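First the structure, in the form of structure tokens, and then the observations on it.
Chains here go by letter, A, B, C, D and E, matching the order in which they are written, and residues are numbered from 1 within each.
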């Protein structure tokens, strides 16, 4: 009998293999397989499921259980929505690249990993899927072969640290609880010794928070995000990093729910807030759009971590809401930047300029995503931020608010920078022949943009599944409304009023300004600007791009002096020999990894009694 | 009952009234006459009483003050700046040099009659005109605006070829983009 | 359709525009008097705006520039809509029941982002530099402003402005009840008004006029309109939060005028800070007062 | 009148060091010397380093079209001794080339650029844009004596009305009003 | 290939520029990577025009060379002519010349107050000082008949004697000004923000200042006591008791302090002149100006203007017209090479501020 869960994984795995083979034969065939596979998996996930689907089996004497909880379903849904869009985008984005088969194989595998993680109700299969996800994503990070030494090694080392921490935690849980089922762990966890609880908690948290790029464990992320193909980064940053959040949510709310762990919660909340602030500052000073978005992702994940770590009803809701929205707007942004990269060949914000008239739809989707990202009403981002602040206010985390609010304000800086540098500013002759991105790239972007616009006015369409999911975490009857936000003190924001008002005034003013002197209003090129009466020479650059926020940089220089990255680099230099050795193992060859995985598991199985049966 | 024509006239009157009482002067000291602009704008003479204030860029400005002689090099910039201004726009020629070259009539580098190159609405004579004269020039301009006579910009649009020809006689390297006229 | 609401909104916008314009005129007059001049008539700003609208031609460098001023006016009137103009007033009720302080804080940035995008589209380096400075400075003054507001929200457990006004009817003005937060808020507010010494954004001596460099005619007119509305909205917000709101229009005018004159007078006698100096200034004393205010609030509730 | 000791010392030092230098003490604090164009950098360097004429006041060029010569003038000032030293040299007008001295005084660069533009004198290895003051100039350098500015002006610009015949303004006025030029005014007549 | 740094045109049409010139900035962030000045927008060919005019006609156009402070031009030209011709001028004329020169210096410094503060955004001081400058211009008007261009100092002396009651007017104006200067001090020099803006900005190295031929207040702000009035006294400066401003900071702030001191010293000089001025002739008659020939010769004369040493090199070939007049204004040194060098690495917000502290005046660069 074919279980629907199993079938889902089967479709994904089958698509992986088939797309690999298909791309060997011809690119078109491969692309068709990719799109069909991706959408059929997604459709199967949303339509074909009989709930509750369950699948249990044994791996080496351990009980394993696959099933979606209402909480993990949110994340699985997120993956299932974002990944087909990203794959559709990818067919066009990756056109003409080499080794496409490998790329799509790994892409599907990491989707499989993510789906697997969300459906694992036991720690061992969670770990296995976790590793599948990690390896496949690693292979994509190094796929383009850029900066493999710096980026790939960093990513692999941090992933390995995370995996080992996770594994240690799992091992300890098994030792103390005697079962690897997640539900069992939750049930028996309060009975074990406090110090062990703490140890397990911290180990699991480290394992998960590395994936969600929390400072100071974020070092791998900027490179990895910006180094992989943008179609994958959309999923990488949008969905894959949420797996960490998923885990953190489980650990914080279900495992460490007793009052003794408030300190850990506080520490993580602060770490999240600092992550947000610092990552925002880093994002501001980036000159490469991908890097900027990578840091911005870290920053946005920081908010989510804060929400999860605070652990109140509203904050969890905010966190999950933000996680979903982040997947949408960051996925969208990475896709848009990818479109720019595809069309112009660069994402260097000091080079690319004035694309707005060439790529209006890409600009539109970037603009919408940026407004959502910057949490400006009336788009969806605001709702999440608002709930987060309210939850912080209600739970009396005052200084935390200041930190993340500052970060959120500072986020305007990079938001503007990315819009201005790539799309606005001078239109230069070298970008004269740029065309709008092809349709397969546009469709996902437009869909995501529409999603963001709708959630601004009616966030309730997301609140419903979130409220469902939160039941699993122990929050019953979560109060939610279609478009009215109410905080703990009864103050409210009516988003429908906001959207309606803004829409009306905007239209009225638009009609006014467009009709006024319509005949004598005209477009002039960006070269015809008031340059103090002088006529600029062709080689002179009139776009202000370089060191865009230099004064701000100077103002924040005291905090930025010793960056985390440089500390790691220094350590890295010290441990060069070790790194060389690790490089020898992680040689960048797929078969090597397979070998490594197999050896690891063989060892695990051989020594299972020694390790697990302590 | 107000006729349509009358209402148009009233509209025109209000427009002109606003235009006349709000003159943004482009901050461009083209010649030595610029030295009398600070006194005109500051405490003793205070041109802001008449709604005259400085504007930083041509896009925002209404009045272009040509403060004295124009070197050929400046003429090019003046034309560019003038064409970047939005209609209606006015030009005040300031000092004798704008009228006929003044004491630099035989110089190889200064033009002699400004209104051959851009339309001038009001000339203020003198070398240099005192702030009182400048203000009276502005008042004259305000009168013309109210009467609808300050239409140099329209003249420029209509006779653009003629002006261009004159301009190109002096500016040898004509490397200017086409502006909105 | 709620026609009375639409009428109310229209009246509010017109009031805000008129008051903002007159305040601008008064500030020009006051500046002139201090500078030993007569100064323009106080309705000069109306003439300026009218003239700008009556300009016959306009240029734009693309649709984002076309939308920029629109965006600004949308945001400024929206801010106005969600700020209670009068306490318990039947007239200026608008939509202020459906927003709160946090919402307003974000709403206020909305217009700036739009303006910044409009200015960015022009391709004028002056505009871009102005925007870069403006946004940087914004992060500067947002910190004390935030501290002040959060201190108040925390202390009185209310994020809605209506709630704060009601509260102030009972306990007196927050200006006295939370003095430190008030100081921080006021200092940040001075920065928010973009008068000297915090006018580096528009610094004519190096940036021509900064972001609006390329805006002329109707666009500049719309920007000036939006600016005066926004000024009024900010003033009312400040009065509502710290000065107990106003129960009639005269009281409102009086209070807002007093608050408005502080940055104006301060601006007349100060040169401008450089961007980083201004950011550091805001992260100095104002933030210090904000933190004190916060601790005070904390002390008061625990 | 002072003894002019330092002035004489300066002159002596210059004339003794360089064969081709000769000059006079004009008056208090004024020394003027002439030299050859080839050794100009040497003389200037000597004056600067040894005689402490550290301040480069001015540099000029005079067109002696009758002799077919350009005269280059370097004016130095000694802040210590408070003496002004004028060093002059002549170069051929047909082939006006001289060594550039902006490595001795950086600001001489400005003067040289101006002289290059206004007289067409070439300075060897002079950096800086060719155009300094004028723009798109296509006539002979304007400060040369054989350049007629009035002719250029009437050719390129619209002539100033009333000046076509270059008449004395007073004549024009009196003609118009029908009066006689008064006797006291005739004394100052141009003709 | 497009440059990476942004090109920013500061001028010619720009509110931040002094006069009509252009500084093209290459900006990286708000730091200036390269600055290029371009002049010539005000070139009238004065020197060529003078060669076409006879000696007295030339005298009427020299004052147009530097607009903010025309008197040093007249002084220089007259003195050059007198030196070549060997003409001696009456004692009273010398005092009157010093009077106009010092009044002109005060007027020029008052204008500088406006520029320096305007570029820092403190418009009030500028409004006051430029308004108060009108009182000096009134004095000029009464003395010379001209508000901006005086044409007062001419070869042989000065054109007119002091009118009646002029002395009291000068003295009362000086009293008024002194009071006003205290007001400016309160708003400008005691202003913490102004100090923050000015201190440590636009530093000229002392050695470089000598090497590059910096003159006037910028040089004195480097701690070098150099003033033509003291070093090479002309007219009757050696009979007057005055000090020159001397500071050691070499930055904008030091230059401002130097000027603050000097404007007060100028008031002192004006008072002294009013006290000590001798009676007598004010003008030695020159021959028929239409036929006035000056013997062949040459002279380089210099005057301390408000911005520094103002030099004229005049060559006569024995005819009724000058052979060559070459003007060296202080801005000639400051406005091109020095400015280009100083702006590199400076903050964008300080460009206009630094320019104003140097007192760049384009018309004397290109003439």
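Please note the rule applied: a residue touches a chain if its C-beta (ideal position, glycine included) is under 8 Å from a C-beta of that chain, and two chains touch if they have at least 3 such contacts.
Fair warning: this is a prediction, and the values are worked out from it, not measured in the lab.
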Partner chains that subunit A and subunit D have in common: B, E
Touching both subunit B and subunit E (chains): A, C, D
Of all other chains, the one whose Cα centre sits farthest from subunit D: A
Chain pair showing more contacts of the two, A-C and D-E: A-C
Identity of the most central chain, Cα criterion: C
Mean-CA-position distance for subunit E and subunit C (Å): 44
Separation of mean Cα positions, subunit B and subunit A [Å, integer]: 58
Centre-of-Cα separation between subunit D and subunit B, whole angstrom: 38
Centre-of-Cα separation between subunit E and subunit A, whole angstrom: 64
Touching two or more other chains - residue numbers and ranges from subunit D: 134-135, 142, 147, 149-150
Per-residue overlap in subunit B, given as positions that touch at least 2 other chains: 27-28, 42-43, 56-59, 73, 76-77, 81, 87, 106-110, 180
In subunit E, residues with contacts to at least two other chains: 6-7, 10, 12-15, 27, 30, 40, 43, 45, 48-49, 52, 127-128, 131
Pairs of chains, among all present, that meet the touch criterion: A-B, A-C, A-E, B-C, B-D, B-E, C-E, D-E
In the complex with subunit B, residue positions of subunit A that touch it: 520, 522, 524-525, 527-528, 530, 533-535
List of subunit D residues in touch with subunit B within their complex: 134-136, 138-139, 142, 147, 149-150, 152-154, 156-163
List of subunit E residues in touch with subunit C within their complex: 6-8, 10, 14-16, 27, 30, 117-124, 127-128, 131, 187, 191, 193-194, 196-197, 347-353
Sites on subunit B touched by subunit A in the complex: 28, 57-59, 76-78, 80-81, 84, 87, 175-177, 179-180
Complex interface listing, subunit E residues touching subunit B: 12-15, 19-20, 40-45, 48-49, 52, 60-61, 64, 67-68, 111, 114, 126-128, 130-134, 137, 147-149, 363
